Structures are given as structure tokens and as C-alpha cells.
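So, here's a batch of structures to check.
Here come two complexes built around subunit A, the first alongside subunit B, the second alongside subunit C.
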Partner chain A sequence: MAQTVVEINNLVKRYKELVALDNFGLKINEGEIFGLLGPNGSGKTTTINCLLSLLSYDKGEIKLFGEKMHPSRRDLKSRIGVVPQNVAVFDELTVYENVEYFCGLYIKDKKLKKKCVEEAIEFVDIADFKKFYPKKLSGGLLRRLNIACGIAHKPELIIFDEPTVAVDPQSRNRILEGIAKLNQNGATIIYTSHYMEEVEQLCNRVLIMDKGKKVAEGTKDELKGMIKNTESIVVNVRRFSNEAVNDIKELHHVYDVKYLNDTLTVKCSGGKHNITHVSEYFEKNGIDYDRIYSELPTLNDVFLEITGKELRDKE
Partner chain B sequence: MFSTIFFNRFKIELRNKDSILWSLFFALALGTLFNFAFKSIYENAMNTTLDVAVVEGEEEFGSGNMSDLLKELEYEDGTKLLNIKSVDMDEAKKLLDAKEPEISGIIDLRDISDIKLVINESGLESSILGSVVSVLREYSSIIVETIKKDPAMIDSVIESFGDETKELVESNGISGNNKDPYVTYFYNLIAMMAVMASMSGVRIPESCQANQSEVGKRVDCSPVNRIFYEIAGLLSAAIIKIAITIIGLCYFCFVLKIDFGGDMPYLFLTAILATLLGLSLGFFVGHIGSFTEKTRDNLLTAIVVGGGFMSGLMVANIKSLVEVKCPIINRINPSAVISDAFYALNMYGVSERYYRAIIYITVLTIVFTVLGLIMSRRKSYASL
Partner chain C sequence: MQVFKAFFKLVKKYKTGIILYFGLCALMTVLVASQYKDEDKKNKFTSESYDLIIKDNDNSKLSLALIDYLKAQHSVEFHDYSEDELKDLIYSEFYTAYIEIPEGFMEKHLDEDALAVKTLYDTGRASGSFVELQLDTFTQGILKYENAGFDLDDAIANTKKAVEAENYVEFNVKNEDNESNSKLYSLFLFVPYGIMSMVLWCVLPVVMRFNSKDIKSRTAISSISPCKRTLALFGGSTIVGLMVYMAMIVLSGCFLKEYLFTEKWWLSALNLFVFSIVNGALLMLIASFPPEIIMKSKDVLVNIITIALSFLGGIFVPLELLGEDVRAVGKFLPTYWYAVGLQKIEAGSTLKDVSSCFGMQAIFGVFCLAAGLAISRVCMYFKES
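On to the complex of A and B.
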């Protein structure tokens, strides 16, 4: 059975009147890529900061590798790597020196340190920029340097706090591939984000939080199974009467129908041939349509249905 | 691990262009400017004969001889230092108070145990006269003592003064090496360099405290002992800041050829200790509250500039006023303590007052450093 790497029980954190974490709890097992998902201000970063003993909390318990975590547990801290949300490097040190510096806070042995630094630089693919100062790097390269600084000492648990914010798609893919590779190499990953596509692509298990509370937790399929919507049929059709909308609502497994901007969205719960039933209705009634397709629910649908709001801020 | 932190903090400090610019190049530029501006003004004033009224008394010994001594004073090139007008006090005051004064000051020798100098405005000339009068007072006290103990010796004593009058001009810095007021600007400049070290001090806690910077968050997550980290940072910053101060001092001494007097090793010692005080001040401020980098910089600037003002670096009389109204400020204000040490060294040499100032500097440095370290003990923050 996999070891529990992180265990949080009944965590309460208040900022004066605001309850940032409300009896929050989670369990992360060795080897997992655990996604912590939630909108801005939901408590993800607060959870991470409490986990790292940077923030004090009002109530609850945090255990790392089976042992209670507190600020002076340097032995536990040495097993953790952190990639903070904002790039945290020294402008006065080169790429190599930055990685070496942060690695040096964990590893004393010079030879081992050198090896780890070079591997980390190679891993995030910034070897060509070793002698560059951070100010000369692009946003994507900076993010990769930020990651190299957090992983060089080969931690067992790595926390990525929204590492792809303001990163171009190419760099984002590289970062996600890198995280998956780190996990393959044995690291347990905590990945916080409000980009559900990333979490969906990367994580084995996901916890959705909102207003400091756990809203849902499970594998992607488990989460999707928690909601009513199992399939959405989308039809691009130019004219569609209210009568026809009501007819569609009467079909088996259909629980919601919306027609907006020449697009008909039919939400189904259960059933295997929903798209066939919908297309048959169009043919029987001689209604022409441009395109018909089926969409499986996303984590955004899960979040939307559970909390009643969008996961990501409208951009 | 200590060496990793030490050497990297050293690199960070050395490559911090703003810090080097302000603490070294700005000071050097300002020193060069002072040298051009004030030295020429001062040299123009040098070797010019000052008109002075001397009011003599009627004592059997003393005032007449004193007046003779004054007449003998001359610069190295033979130019007379003083052009003496022997008049009574009323006439002297008329000359001094005239719309365009004919004299720079009045030396009142009517009572040689209490020689007075009357001037209307401060400046280089009054400063020179002040130096002359302070030496006359020393001589007068010797004469009074001699009259009391062995009146027969009085002639030979006065004769010996005559031999010493040339030395008087040189030894009291009247002959072109005047330490006051010209050199005072350089003392203030060194004090400024020292206090500027606080800008580096404040960066040390900033780089290892999660509530102050992103880098601080990263360091705080690591297993490194924060006090250990800060001591390594302090040491590296101290080396660089001391080096900067020494470079500045060497530039003033050997390039600009500023004559700081004869106590050079003590001057360097004072400058080094003052730099450490500046560094520890920044280190202490870096631990107060949980401000943003900008707010903290503003706070430090307010402390440094405010402290500089209170210590008289901008308006000379403020320090004396503070000493009367609230002397404790002069004891805890780093700028005041530093300027006091330089002033003591300048005016009194290596004296009790100088040692007292050095002790204040050392104690304040220790207090600021220890308080900073106590506040830095590992803790979780209520908010980030």
C-alpha cells in the first residue's frame, strides 16, 4: 500500500473575519500527481503555505511523510521542493548560480550538488542560458528556471503552485511534460491551478475547493461520475422552435435543453445512444442542421454543477 | 552550506549596481565635487591677512605680550596672518558693526584669564580666529599658572611662546591644513557612506523571510537555519561595505589628498565601525513588521535622512538642540553617534570623548544586530 505523503485534517485558517480554510482536509499518497483545483481566492495557496509551515493556522493538523509538520522540522523540509506561483530567483545571479544557490540550501556535498544542478538545468532545458541573468530571459524561460530552482535537490514531494500562469502554450506544454516526468522518476506532486485542462491532463487525483472548503475529491472519472451530466449533444442549427425544444426535452435521458445563438445544447444523464436519438429527431421532422457532436463532461462542468459557478475567471 | 550562502550573498551584494553606485561612486563623486568647490574657496581664503581689532588690558604681564604674539603669526610664505588694530572696545565694536566691517573680529585681551573673541558672522575667517584664540587661551593659562607658582620664570616662558608661534600656525591647522570646516565635509561624507550600508543590511532579512519576498518564501521553505543564513549574509555584506568605505577613504586621502590630521589608523577604525553600525541598522529595520520592499526602503530612508538631520549633517545646530531637549536621541541615533566619533577625532584626537563615541558605536551595532537576530527566529507568519 502506498505511503501517505501528505495528510491534512480539519485545518482552519482565519484572516480576521475571513475564514480562508474551513475544516479543510486532504490525503495524498506517494507517487500521485494530486491536483488542487479552485477559483482564485478559494484557499489553494493558503493550504500550500500552511503545509510548508510558512503560515500559522488556527486549528487542525498537518502531517508530512507521517510526521507532524512545524516550522523547525528541517528534516521534513529537506524532502520538499517548492515551485512558487511567482518567479523567485535572484536577479544578480546567473541561471546556473541561482540553481546552485537554492540547491546548496539542501545539499552540502559539492560533487553531488554540481551533478544535481546540471541535471536540473538539463531537465528544464535551459542549458543554453546557463550564464544568462534572469532579466535577459523570456517569461517561459524564467518559469523553467523557477522550476529548476525548486527541483534541483531531488525532493520526494514537489509542490507546484500555479506554475503556468502567464506562460505561452509551448512553454506550458514543456512544463507539464516535465512535471509528468518528475512523477515518473518517483516524486509525489501537488499541483495547484485554476486551469482545469492542465489538471485534467496531468493529475491522477483531484480535489476541488471553494471558499476554503473541499467541494469534491476523487479521480477525474470519479468526479465526473458525481454529476448528473454524462454527455452534452451540441447541434449547430439555424432555426429551432420552442416547440422543437420541448420535443427534445421529452427524449430519454435528456434533462436540460438550451437553444442560444443557433446552437442547441442537449444535456443528458446516462444512456448510450443519445446522439442517435437526437439526430433521428432532426431527420424525422425534416430539420436541417450544420453539425452535430457529443461532448463528455469536463472538470469545469463538474465544478459548475457542484458550485454553480465557473472555475476560471472570465478572461 | 555556510560557504554557499556566504559566497552567493557576496556575489549578490557585489553585483547590486544600485548599492555600489550610491554607496561608493556617489560618495566619490560628491567628494571630488567638494574638493573642487570648497578647497579652492578655502585656499583663496588662505594666506590672506585678516584684519582684527585687539583690545589690550592694563595688566603688568599678559595682554601686551599676547598682542605681540599675535603680530608674529604668519603663514609659511611669510605673509602675516593678522593685521592688528590696537583700539579700545568701543572703537573695535564700531569697526566690527560698520556697514562694511573693517575687521573680521575683536580679540579681547583685557583679562588674559578670560580671552574673548567677538565676531559678527560665522565663516572661514571666524573659524581661523577661533583657532588662534583657543591657542591664546592655552598660553594664557600657562602664564597665569606661572605667575602664581614662580613669577621669576615669566619672561622665559613668554620668550618660549615666541619660539613657538610659527609652530602654532602649523600645529593648529591654520596654515593650509585646517581640519575645520573644510575636512568636516569629508567626515560627513564618510558618515554618509557608513549609513548607506544600511541599504544592504535591510536586504538580508528580506531575502530569507517568507513575508517579505518571493525569494524569502523559497529560502524559508528550505531546511536552512534562518539565523545561520542571516549571519552569513551579514558577514558578506560587511566585507563589501567595509571595502567600499576603505576605497572611499583611500580616494579622499591619496587621490584628493585630503589631510584628515594625524590619526589615520583611528580614522579608518572609526569608518569601519561606523559601516558596521550602518549595516546593523538596516538589518534591524529589515526585521520590523511585514512591509513591502518599497515601504521598507522608504522607512529606512526616513530613518537615515531623519537621523542625519537630527545629527546635524544638514543643519549644524540641530544636534546641540537635541542634546539639550532629548539627549537620548543623540545616544541612539546612528548618524549622531557616527558624526560624534568623527567630530571627537577631528577636534580632540584620540581622547576620552573619542573612546566614548566608539563605545556607543559598538554597543549600538551589537544591539541592532542582536535585536534583528532575535526577531528573525524561525516562525510561521499570520499572513503572507
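On to the complex of A and C.
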């Protein structure tokens, strides 16, 4: 059985009257890529900060690697790597010097440190920019430098706090591939993000939180199984009457129909061949349509249905 | 050690600023020193030294003490010339005077009439009279001490001290440009402004960089304790302060050759050393405020602090010219106590007398550290709540 790397029980954190974490709890096993999802202000960063002992908390218990976490537990901290949301590097130091500095906070041995620094730089593929100052790097390279600083000491648990914010798609893919590779090398990953597709692509298990509480937890499929929506059928159609909308609503397994901007969205719960039933209705009634396709529910749908709001501000 | 090393890597990036301020300080030093280039000629008193021939027929404790006293100031030789030869040598100015101590000089010295040291000099020159005057001063001094109840040994010792004290007389020549202050005082007076400027302009941004939210958090979650981190930053700042201090001491030393390693110089250097340490504490106090506030107003803030401390503390304006109210405020500042200490040193005070000024500066330093700690706690409290 895999070892529990992180265990949080009944964590309560209050900012005066505001309850940031309300009896929050989670368990992360060794070797997992654990996605922590939630809208702004849901308590993700507070959870991470409490986990790292950067913030004190009012109640509850945090265990790392089976031992109670405390600000003075340097031994536990040395097993963790953090890639913060904001790029936290020294503008006055070169890429190499930055990675060496943060690696040196954990590793004293000069030879080992040098090896780790070289490997981290190689890992995030910024070896060509070793002597560059951060100001000369693009957004994507900066993010990769940020990652190198967090992983150089080869931590067992790595926390990525929205590492792909404001990153071009090419760099984003490289970062995601890198994270997956770190996980393959044995690191346990906690990944927080607003980007559903990243979480879907990367994480084994996902926890959705809102208002400081755990809303849902499980594998992607488990989460999707928790909601009513199992399939959304989208039809691009012009001039679709209200009567036709009502007719579609009457179809088997259909529980919600919306027609907006020449797009009909039919939400189904359970059932097979739903798309066939909808297309048959169009053919039977002689209604022309441009395109019809089926979408499986996303984590965003899960979140939307569970919390009633979008996970991410519309871009 | 990691924080410490990175601190110096970052300080290196600001070396241009340090060099610039050091250049400015060097310029100020040259300007101040240039005002004193004729100081030696104007104010320095050096007693004349003459060539004397002595014949000691007594060879007693008293005669030897008298010869020692004369040797301390003059060039003394022992020859046995005839009276005519002596007259020729004195006339042709090979020697200033001939002194013959008679046999039984010590035995009869209490008898005023019998106490006669034979002298031969050119009465047309003042130098011979000056030497005779010195002889009289010494022998009269011994007589007075013996009449006061001292034995001969004590009388000799006390007379030596008394006649040596004459050499300490200082000429306080009023000079409109420099008042009565020495070059040492003037050169040391403005140095704190240089040290404050260099350290606050060039080290404060480095400390603030380490204190920035993201870097601080990243360091806090590492295996380095916050205490070690703070100590490394304080140690680094202090070392930079001391390096600047050493540079300033060397720079001023180039213009203070005549004062080097004198008691006044040591005390002035110690005074500046205490100030440099206190300046490090002041830096830590400023750095304990949230970096986002400090970095936004760094330039204005550093200017206000350095100039205000310099004005109120009597660095730019002599303390005597400051009003009572300003001086009352200044008493809370380290620059004031630095300037007062320097004034005391200038007046010839000892370490014991000046230590109160060092203490007052140190108290300010301790206050800065304590206040810095309190501010950090308050900031942390607000962050947590």
C-alpha cells in the first residue's frame, strides 16, 4: 500500500470573521499527481501555506510523510519543493546562480549541489540560458527557471501553484510534460490550477474546494460520475423555435435544453445513443443544421453543477 | 551561509553606487584636508634643540637627572676642552652652551648659594639664556619639592613630570576658517554621512530583495531557519558597513598622517566603528517594514533619513549652532552622540569620558533591533489575520 505523503485533518483557518478553511481535510498518497481545484478565494493557497507552515492555523492537524508538520521541522521541509505562482527569483543573479542559491538552501555538499543544479537546468531545458539574467528571459523561460529553483534539490513532494499562468501553449506543454516526468521519477505532485484541461490531462486524483470546504474528491471519472450530466449534445442550427426546444426536452434522458446564438445545447443524464435521438428529431421535422456533436462532461461541468459557478473567470 | 554568499553576490551588483559615494567622500576629504595644509606652520609648537657640551664633575644621582633632562631636548656631548677652545667653539656656533656640574653638587644642592652650575654661552644670543633658564627651572623645581617634604628621588621624579608638562601646552590660535577644530575632528565629522549613504543606498535594496514576499516565502519553506536567514542578512550588512568603515579610515588616514595611532585617532576610529555597527541596526529597522512600501519610496526615504540624521546630529552644522529644540531632538539620534563624542575626543578626553557617547549610540542600535523585531511581528500578525 502506498504511503500517505500528505494528510490534513479538520483544518480550520480564520481571518477574523472570514473562515478561509472550514474543517478541511485531504489525503495524498505517494506517487500521485493530486489536483487541487477551486475558484479564487476558495482556500487553495491558504491550504498550501498552512501545509508549508508559512501560516499558522486555528485548528486541525497536518501530517507530512507520516509526521506532524511544524515550522521548525526543517527535516520535513527539506523533502518538499515548491514552485510558487509568482516567479520568485533574484533579478540580480543569473539563471545558474538563482538555481544554485535555492538548491543551496537544502544541499550543503558542493559537488552534489553542482550536479543537482546542472540536472535541474537540463530538466527544464534552459541550459542555453545559464548565464542570462531573468529580465532577459521570456515568460515561458522564466516559469521554467521558477520550476528549476523549486525542484533542484530533488524533493519527494513538489507543490506546483498555478505554474502555467501567462505562459504560451508551447511552454505550457513542456511544463506539463516535465511535471509528468518528475512524477515518473518518483515525486508526489500537488498541482493547483484554474485550467481544467491541464488538471484533466495531468492529475490522477482531484479535489475540488470552495469557500474553504472540500466539495468533491476522487479520480476524474469518479467526479464526473457524481453529476447528473453525462453527455452534452451541441447542435449548430439557425432559427430554432421554442416549440422545438420543448420537443427536444421531451426526449428520453434529456434534462436541460438551451438555445443561444444559433447553438442548441442538450444536456443528457444517462442513456446511450442520445446523439442519434436528437439527430433523428431534426431529420423527422425537416430542420437543417450545420453541425452536431457530443461532449462528455468536463471537470468544469462537475464544478459548475456542484457549486453552481464557473471555476475560472471567463477569459 | 547560502544566504550570506548570495547577499554579497547581490551587493556586488550595487558596487557602482558604493564606488560613486566613496568617490564623493574622497572628494570631501580632500576638500576638508586642503583647508588644513598650513595647520602645522600656524599652530604647531616645537621647542628648539641646541648642541650642548657638559662636564659632570659630580657624577651623582642629581647631576645625572639634570643631564637626562637636558638630553631629552638637546643634543648633548661630553668633551674636555680648555676655556679658550670652548669660547671659540661657542663663538663659531658649533655649540650653544657649555655646562659644568661642580663636584659636590648633590651634597650642597640644598644650600641655595652653593648650588652653582657653571655655564658658558654667547650672551649675544637668546639660545644660551634659554638653556640657563631651563637649568634654573629644573634645579628650582627640585628644591621646591624637597622643601615641601619630598625625598630626593620623588623630587627628581616630580620635577621631571612638571617640566615635561610644559611641552603639552597647546596654542589655541583662533582661526576664522576652522574655528579651533583640528583636521582629525573635521575629517571624522562628516564620515557618518558617507557611511550612512553608502550602506543605505547600496545595501538596503539587497536586504529588501531578500525580504520581498516571494523570495522570503521560498526561503522560509527551505531547511534554513528564519533566524539564520536574518542573522546572515544582519551579518552581511554589518560586514559591508565595516568594509566601508575601513575604507573611510584608510582614506582619512592618508590625510591624517600626523595623527595616526595617537590616542585621539584611536578614539575617533572607535567612535566611528560604534557608529558603523549602529548604522547596520538602523538598516535592519528600515528593512523590517514591508518591502513593497519601502521600495516604492526608497530614494526619498534614504535621503530623508541620511540628511535628517546628519543635520539634527550636528554632522553638517556644528552642534553649537543648533537651537536648543533641535539639540533636544538630536539627543535621540546616534549622529548627535557621535558628534558629541568627537568633540570630547577633540578636547582631549579619555576613553572613559567618551564611553558614555559610545553607550548612547549603542542604545540607539539596540532600540533599532528591538523595534525592527517588533515591526516584523506586527507585520506577521496582520498577514496572518
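Just so it is clear, the second predicted complex is superposed on the first by the 315 of 315 C-alpha atoms of A that agree within 3 Å, B and C clash if a C-alpha of one lies under 4 Å from a C-alpha of the other, contacts with A are read in each partner's own complex, and residues count from 1 in each chain.
Going forward, contacts are C-beta pairs under 8 Å (C-beta built on N, C-alpha and C of every residue); 3 or more make two chains touch, one makes a residue touch a chain.
Small disclaimer: the values here were computed from a predicted structure and weren't measured.
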Touch test for A:Y259: subunit B only (first), subunit C only (second), both, or neither? neither
Taking the superposition as given, does A:F282 touch the first partner, subunit B, the second, subunit C, both, or neither? neither
In the superposed arrangement, which partner chain does A:F303 touch: subunit B (first), subunit C (second), both, or neither? neither
Partner chain in contact with A:F123 - subunit B first, subunit C second, else both or neither: neither
May I ask you to decide whether A:L105 touches subunit B, subunit C, both, or neither, giving the answer as first, second, both or neither? both
Just to be sure I follow: which residues of subunit A are touched by subunit B in one complex and then by subunit C in the other one? 15, 52-56, 72, 74-75, 77-78, 80, 82, 84, 86-90, 92-93, 97, 101-102, 104-106, 149
Show me the residue ranges of subunit A that touch subunit B in the complex, using the header's touch definition. 15, 49, 52-56, 71-72, 74-75, 77-78, 80, 82, 84, 86-90, 92-93, 97, 100-102, 104-106, 108, 149-150
Under the touch definition given earlier, write down the residues of subunit B that touch subunit A in their complex. 1, 4-5, 8, 11-12, 15-16, 207, 210, 213-215, 217-225, 378-384
For subunit C, which residues are in contact with subunit A within the complex? 2-3, 5-6, 9-10, 13, 209, 214-215, 217-225, 384-385
For subunit A, which residues count as touching subunit C in their complex? 15-16, 52-56, 72, 74-75, 77-78, 80, 82, 84, 86-90, 92-93, 97, 101-102, 104-106, 149
